[in-house]
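Structures incoming, each one as structure tokens.
Both complexes below contain chain A, partnered by chain B and then by chain C.
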Partner chain A sequence: MDISQDFFSCYGLVCDFSIDMEALRQTHRSLQQQHHPDRFVSQSDSVQRHAVQVTAYLNQAYATLSEPLLRGIYLLQLKGMDPLAPTNTQMPMDFLLQQIELRECLEDLHQAQDPQPKIDAMMAQLEAQANQLESDFAQAYASSHLDQAETSVRKLQFIVKLQQQLDALEGELLD
Partner chain B sequence: MAYSEQVIDHYENPRNVGKMDEDDAHVGTGMVGAPACGDVMRLQIKVNDAGVIEDAKFKTYGCGSAIASSSLVTEWMKGMTLDQAGEIRNSNISEELALPPVKIHCSVLAEDAIKAAIDNYKSKQ
Partner chain C sequence: MALLQIAEPGQTAKPHQRKLAVGIDLGTTHSLVASVRSGQAETLPNSRGEHLLPSVVHYLADELPQVGIKAQLHLVDDAANTVMSVKRLMGRGIDDVKRLGESMPYLFEACDQGMPLINTVSGLKSPVQVSADILRALVQRGESSLGGELVGAVITVPAYFDDAQRQATKDAAQLAGIQVLRLLNEPTAAAVAYGLEQQQQGTIAVFDLGGGTFDISVLRMEQGVFEVLATGGDSALGGDDFDHALAEWMRQERQISAQLNLAQQRFLLRLARTGKEALSDELSTQLSFEGWPGDGAYAALELTRKQMDDLLDPVISKAIRATKRTLRDAKVALDDIAEVVMVGGSTRNLRVQERVAELFQRQPLTSIDPDRVVALGAARQADVLAGNQSGEELLLLDVLPLSLGLETMGGLVERVIDRNTPIPVARAQEFTTYQDGQTAMAIHVLQGERELVQDCRSLSRFELRGIPAMAAGAAKIRVTFQVDADGLLEVSARELTSGVAASVQVKPSYGLSDQQVADMIKASWTNVEDDRSARSLREQQVEADRLLEAVTMALAEDGERLLTTQEQQVIVEQMEQLVLARNGDDHHAIAKQIEVMAKASDAYAAMRMDDSIKRALAGKAVDQL
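Moving on to the complex of A and B:
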């Protein structure tokens, strides 16, 4: 198996944001079995090494394609872009204002009396925003408006970070 | 990864955390974000009629290095002219805080926040 090909090709998928998740899952499982290092223990070192490399490649490919955020970033990287470049700190002002507000809300949740309904509401809000950004990305990418696609995926990165922080907070409060 | 003592000090005792009135003509507000880590930084300066920064405030949602970078620059900027503040480079910040290479982007964020605050102030004059 050629591990220099892009992740979409290795699963026989079209290089696009919308993918058939079930097909991805099934192809991944069969490729994983086919190239599992345990099947090559009696063979030469180079064959064994290749099986390990293929397995690592498949794990990375699957992790990348199965997450919308990572899939979007990867699609732009294939176009030679670097959406998460650390030197690019410009984001739309209204988006940053909203981000600061959301993070203030998150901070307040630590001291909230009955935080669960507020956590649920914020989760629902973030989920809706993430869905919107994913569909914005899909549309922009499909019509080759790559700058717009990049803005959407950059925004999505902030939303996903907030979702992770909210998950962590919920875990803390449950303990 | 271990944080330097300077980072820990600014993180545990951040200077100048707060918010100024954005609508005040003497106040410049800079907001920037780092998608790589999802950090958000708001930096504000209050400039007197002589063009000197009298006060600076920040609020940063991010890691220790991002908080320390913004805390440090608010201390530095007080008493500086706008031109002097505009000359602060991320390398000055990362050197002072001994930031490791993976955290350099935090100092880039702080430098860009300074520029954004200065631009915002100038646009109001």
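Moving on to the complex of A and C:
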């Protein structure tokens, strides 16, 4: 197993945003079966260490490929771009305004009476936005408009962060 | 000859060439050893046919220690030399142990690494040594039952065990001279026992309620692959809480003073347990206070099933809430769960079974003895790892139970690996230096869910030295965490521009109390608000310190040369204001003062910039540039 190759090659996938999730999962299973340290318990330390490294690489690859946001970032990194660079902070004004609004909504939810329907509504709204951005990204990437693709993936990062916070809030309300 | 017996992994060894391997459930109150014989996993009894080995060791002056039932006999008459519940001490420091208080009647001494040592007639014993004595007894039983030397063992640990506790368990095995094939999480082992028996496919939940701990794991099973999706729980929740709730009710019903002595407490708890057991067959029972160790006599008390259920419900509800959270972490809905497996003695309680059935809308699986199921699953895994199974039959993919991180400026924890990440895993994070000319960096590794260092478990500290002196922020220090299939961590650090490296196998010697570990698991939920403002405060304080330091250094360097006395005065005043705000606890106030201060020094910064350009260019002709 060559752990210097890119994640797509390692899973026998074409380097593209849209991937067959089921195939990815199956391949991950069978690669784990072959390379997991459990398969090398009776062998030398160095063989076992190598197995740990390979499996760690596979887990990282799988985590990256199975999340649209991480997959998008990774595709751009393979093209030599750095969408996460700290200097990369310019965003369209309308998007930022919308983010501020969403953030305020999220803050208000902390105090809301019967927040669940509002959480559900916001979840749905974020989900729709995420889907839109993913398809924007796919299109831009396919037509090699990498700057546009980068903007989409950075917007997506904002949305995913909000989704996580909303999810955490819902978790707190469960108690 | 020995060489001829080695089978390639994936090939079935002939029956007489089978490698002998066992699964060991090293429990708090009792332990078990199990093995696969003729395709069946079974727990191994001693010569008297007893399967459970009480996890008790009795130390004697000039003889080998007694383990199990023989040791148990001395719990009262030789309490100081008879060690029980040692699992609660594994991977803990002396300070944590002191907090366990009266429940541990031993004389403790701290050794230089802060590990608690128990003072017995046979010398000082560490929890690792006591566990090793229990393991030795189990290994001997395994070898005499199976008739040969063992190649190794799979030892189970609670899923929430942190790195220190896992490492201590592995050390105990090493001390006992047994090769650890794998440390396996208890709920995962239980899932294996059920899954292989019943050829399960799909997503299952393992509900593991013991005497003092609760573990919940969600797994997906598919073609022999058991993948843990999430694990959670509460390390201070269990059947003991049932007994306490019932005892407290009895006390109130009979208006007994809350000032109970130890004997009275024990009396009520024993009565609670008797009542609890009686109600598993009856709808109502009489609790007799005959033999009450104290003044006065109390009439017998009737306890109905309904009353008991109402008393236990608040405790069970905690476990139900933890279950719901773990399902969320696993991104699995309640009706995705195909089976619920029950593990641990406290799941025999009918109300627990009822509540779990109600939550999942299905009857939980209880067909395998909840005391033995973990050892049976471990035996299966041991058989596979020893190479006795053919091909790709069983693979267990587990997750990290508690997040790992590093201390950053201001006592904050920077997460490097989130909990519930599949293991093995390797992650690297880059950090930089904070001060000009900094040549060393302290690396503090932590485990837990909270945002402040003081609330997480400190696993290890080490230093990366010999970083070449550079401007603050120019050095690039990459810290790499690697967690292996046992859940054990190794950390290394490297300065990228110079290649200076340091690494440690994390071998912690101090620890947290049970209560603190419980906090790690659950408090991240209840303290989110606290953490958030504490975090903002620390962040603003760090920012303020950075600004203060930069301006102080600049003023010392060229303040007098570039600024008038009055200009200097203005900046110094603003700095004093910032120090005041920084020492307060309002992060908004600090943020505001940072802004004011930055504005006040902006012009000065511009002047310094011009000045340094001027000096760089001084005396040079244009064509020299």
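Everything below uses one rule, namely that the second predicted complex is superposed on the first by the 175 of 175 C-alpha atoms of A that agree within 3 Å, B and C clash if a C-alpha of one lies under 4 Å from a C-alpha of the other, contacts with A are read in each partner's own complex, and residues count from 1 in each chain.
What we mean here is this: contacts are C-beta pairs under 8 Å (C-beta built on N, C-alpha and C of every residue); 3 or more make two chains touch, one makes a residue touch a chain.
As the structure is a prediction and not an experimental result, all values here were calculated from the model.
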item	value
Overlay on chain A: chain C relative to chain B, clash or fit	clash
Touched partner set for A:L84, first chain B, second chain C, both or neither	first
Touching partner for A:K161 - first (chain B), second (chain C), both, neither	first
A:H145 touches, of chain B and chain C: first, second, both or neither?	neither
Contacts of A:K118 with chain B and chain C, given as first, second, both or neither	neither
Contacts of A:H50 with chain B and chain C, given as first, second, both or neither	neither
Touched partner set for A:S42, first chain B, second chain C, both or neither	second
Touched partner set for A:Q32, first chain B, second chain C, both or neither	second
Clashing chain C stretch [against chain B; choices 272-280, 542-550 or 614-622]	542-550
Doubly contacted chain A residues - partners chain C and chain B	none
In the complex, chain B residues that touch chain A	31-38, 40, 42, 59, 61, 104-105, 108-109, 112-113
Chain C - residues contacting chain A, complex	6, 9, 151-152, 181-182, 222-223, 225, 321, 324-325, 328, 384-387, 392, 395-397, 421-427, 482, 484-485, 525-526, 528
Residues of chain A defined as touching chain B within the complex	83-91, 93, 95-97, 99-100, 103, 154, 157-158, 160-162
Complex contact set, residues of chain A against chain C	29, 32-33, 36-42, 52-53, 55-57, 59-60, 62-63, 167-168, 170-172, 174-175
